[in-house]
Amino acid sequence: MSARLRHLISLEHLDADTLTRLLDRAESLREACAHGTRKLDLLAGRTVLNLFFEPSTRTRTSFELAARRLGADVVNFDLGNSSTSKGETLLDTLHTLEAMHLDVLVVRHRESGTPEYLVKHAASGVAVINAGDGNHAHPTQGLLDALTVRQHRRDLHALTVTICGDVLHSRVARSDVHAFAALGVREIRLCGPAALLPAPAEFRNCRVMEDFDAAIAGTDVVIMLRLQKERMAATQLPDEAAYFTRYGLDGARLKRAAPDCMVMHPGPINRGIEIASDVADGAHSRILEQVANGVFVRMAVLAEVLGR
Amino acid sequence: MSARLRHLISLEHLDADTLTRLLDRAESLREACAHGTRKLDLLAGRTVLNLFFEPSTRTRTSFELAARRLGADVVNFDLGNSSTSKGETLLDTLHTLEAMHLDVLVVRHRESGTPEYLVKHAASGVAVINAGDGNHAHPTQGLLDALTVRQHRRDLHALTVTICGDVLHSRVARSDVHAFAALGVREIRLCGPAALLPAPAEFRNCRVMEDFDAAIAGTDVVIMLRLQKERMAATQLPDEAAYFTRYGLDGARLKRAAPDCMVMHPGPINRGIEIASDVADGAHSRILEQVANGVFVRMAVLAEVLGR
Amino acid sequence: MSARLRHLISLEHLDADTLTRLLDRAESLREACAHGTRKLDLLAGRTVLNLFFEPSTRTRTSFELAARRLGADVVNFDLGNSSTSKGETLLDTLHTLEAMHLDVLVVRHRESGTPEYLVKHAASGVAVINAGDGNHAHPTQGLLDALTVRQHRRDLHALTVTICGDVLHSRVARSDVHAFAALGVREIRLCGPAALLPAPAEFRNCRVMEDFDAAIAGTDVVIMLRLQKERMAATQLPDEAAYFTRYGLDGARLKRAAPDCMVMHPGPINRGIEIASDVADGAHSRILEQVANGVFVRMAVLAEVLGR
């Protein structure tokens, strides 16, 4: 049996056993909730602090709900009101919070590597969970995407997964690749405008493609990434309509995929930019299931790092 | 017996039985708290999300306290930190939150109709409570105003209620009119500068009057509305002092009302603009009772929409 | 036995018995937590409202954790979202919050005297705790500093305590002086640039000194104050480096103190301005112990004012 995780920073070096244990835990929490369990007390008396240096709706609220449903107390660290505005260093903030006897620090930061840096300096009793750092990793998103696929497909080894959009700057894409590769997906395709694709050396286990019509052909899962509008300039595409024509997912393009292709998106979606409304709301869409699974995955990760 | 409410969007079509059931419930919660009950567990395991698109002190805190005193978890959706800043549509926000298994969505929005729109699109398990939408409705305010009057007056059918100020833009006035009319108040008077009065067709069951001295004469209840300073320009009154002279409530004017006239205001009050300090703080004032009743009314509404 | 405190506004008139009772209570809470007690229910059903008119990381979070660990509900009053932006007076805010049946109001305000003013006008059932007002007082900081010293030194009567920096504008310095003087410390030295020292009449029981090398000589405890950068202009020192040369605490200067001198700072620290990093992180530093003690002191104060 794989060792218990003390922190969750990235999925990069996690093996299939560890991922499967987390997904199984999330699944059993989902079933408990479906059977009416509204609240568990696994984490009663524990304190989870949300330390968000970037705005987020879904992820912060999802962690907050996950922690509360396990009986933990949650403190939201409001950065507009924080000492970081007084120039306190990140490590001083960390050590100050630790001294108050937190159990888990859920951190989001625009700079890649911040959660890893906190782990290196954190006291032994504090678990760090990465809620997204720069372009580096968003491990709970990778897990919830894997959980969502696993709920619909028994055999991941037979699957082709296509991730389309601004892969270069996407922590979601990186964590998805790590999760799906470790779980043995047959083929992962990364697709986007050349300027938004990573260097070939980064993803040797993926097919990197510029033509979305080719990339989507026969795929079992398509994960559309959110386009940051300020990134579109790099693509040399004249406008959002041109981006959509080349890289947007509409009903016609979806027909090129496998007949039961799952459509996913980490949200929030840009309707008409990377995805057409009828596809986002259509029968293939698993976008809201992803959101629901996010709470269960985060419950599982909180229970894991706290050893419960 | 009237049917249980699944949502609370407006008081417009609620009958006296339904209103009375809610007020009775609020009253019994008030009595329980007065006898030392600090916390109930009626809503244990339920999650209430405060989705406020407009700033509010009283109403958000009042809902938060109401929910917690019933044992629910409360999540405040901080819009400065939300995906709405990333251009997510209102419906995508709704569906995302629903997917996280919320039980109640308490919503305030500057646009009339937003809560109704959310009800139309909400999943069956989610209750929506309107915490104020544009000029349309503020139903818990209407209920708490009715509760406050009922605590002092046995027979509502004998009462004259006067509402004074910017009636045109006031959701409070509309919900008050619906509540007091359904509960059988004898006469409702709406008073304000012509530019801030609604079209006569809207309130056929009210007397609409421009002269406050006439409107207040003999009234049993006077509800003063907050004047948004940017609205004063429309009145063609030169300044706040002139507004106060015509439409402010001071001790002299209050003497024109019934001897035991109740003075009410939804808050926050503008001292010296719509109400004189000695009246706001005087023996006739029920303003702080309104605030206290607000918590009990919101507890009653939460219990109602959750079927507890 | 000294009377129970109903509020905590300042340490100025508290006697040694009262201070000792609070510190003993904090100590026993610390021991309970060290032995695995994660949560008490002393304050179950009580509501604590954090009313912060100034930004704060440590203090607000520390109070929030203290209240929750005693089982209370905590409501954070987000001033960006509050009616104070609508021009509501402080007293109207107070009375509104009281009407919602709060038990404790934790208040921070830039103007000295605000918490005392609230006490004068608060209803009998509401306790006010000062979390810092202007230059006046920060009583829980004074208590936690005393607790930290007491954990390391059995006999406070033999101690010399030196407080260095912008004493003139420091509520921390004032509360520290009150605490240490009442507890019988032998000598308190206040040190800083002339422009940042209080009038001699204010602290008759202290030695006021401009030369930090002299002030630190032989001291048992040195408390470094945070320098507000905008205050440096008054000192006529050309820049931060010059301030550090004269009033910063580095290893060389620390050698002038007693061999086991405790180094303290209320935080957040300005590394390289008032304190060198190797001293802040060094063996003499008690800065993080102060933070940890802050939670226990605030638990003790909450229990005290609520009579539990």
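First chain written, first letter: the chains are A, B and C, and each begins at residue 1.
Everything below uses one rule, namely that contacts are C-beta pairs under 8 Å (C-beta built on N, C-alpha and C of every residue); 3 or more make two chains touch, one makes a residue touch a chain.
Please read all numbers here as calculations on a predicted model, not as lab measurements.
Q: Chains in contact with subunit A and with subunit B: which ones?
A: Common contact partners of subunit A and subunit B, which must touch each of the two, are C.
Q: Same or different for subunit B and subunit C, where same means more than half of the interface numbers show up on both copies?
A: On the two sides of the subunit C and subunit B interface, the residue numbers are mostly different, under half being shared.
Q: Rounded to the nearest 5 degrees, what is the angle of the rotation that puts subunit A onto subunit C, matching CA atoms?
A: An angle of 120 degrees brings one copy onto the other.
Q: Starting from the mean Cα coordinates of subunit B and subunit C, work out the distance between those two points in Å.
A: The computed centroid separation for subunit B versus subunit C comes out at 41 Å.
Q: Please list all residues of subunit B that touch 2 or more other chains.
A: Subunit B, residues with two or more chain partners: 78, 80.
Q: Report the residues of subunit A in contact with subunit B in the complex, numbered from low to high.
A: On the subunit A side, the touching residues are 33, 38-39, 52, 55-58, 60-62, 64-65, 68, 76, 78, 80, 267-271, 288-289, 291-292, 294-295.
Q: Quick check: in the complex, which residue numbers of subunit A touch subunit C?
A: 44-47, 49, 73, 75, 77-78, 80-89, 92-93, 95-101
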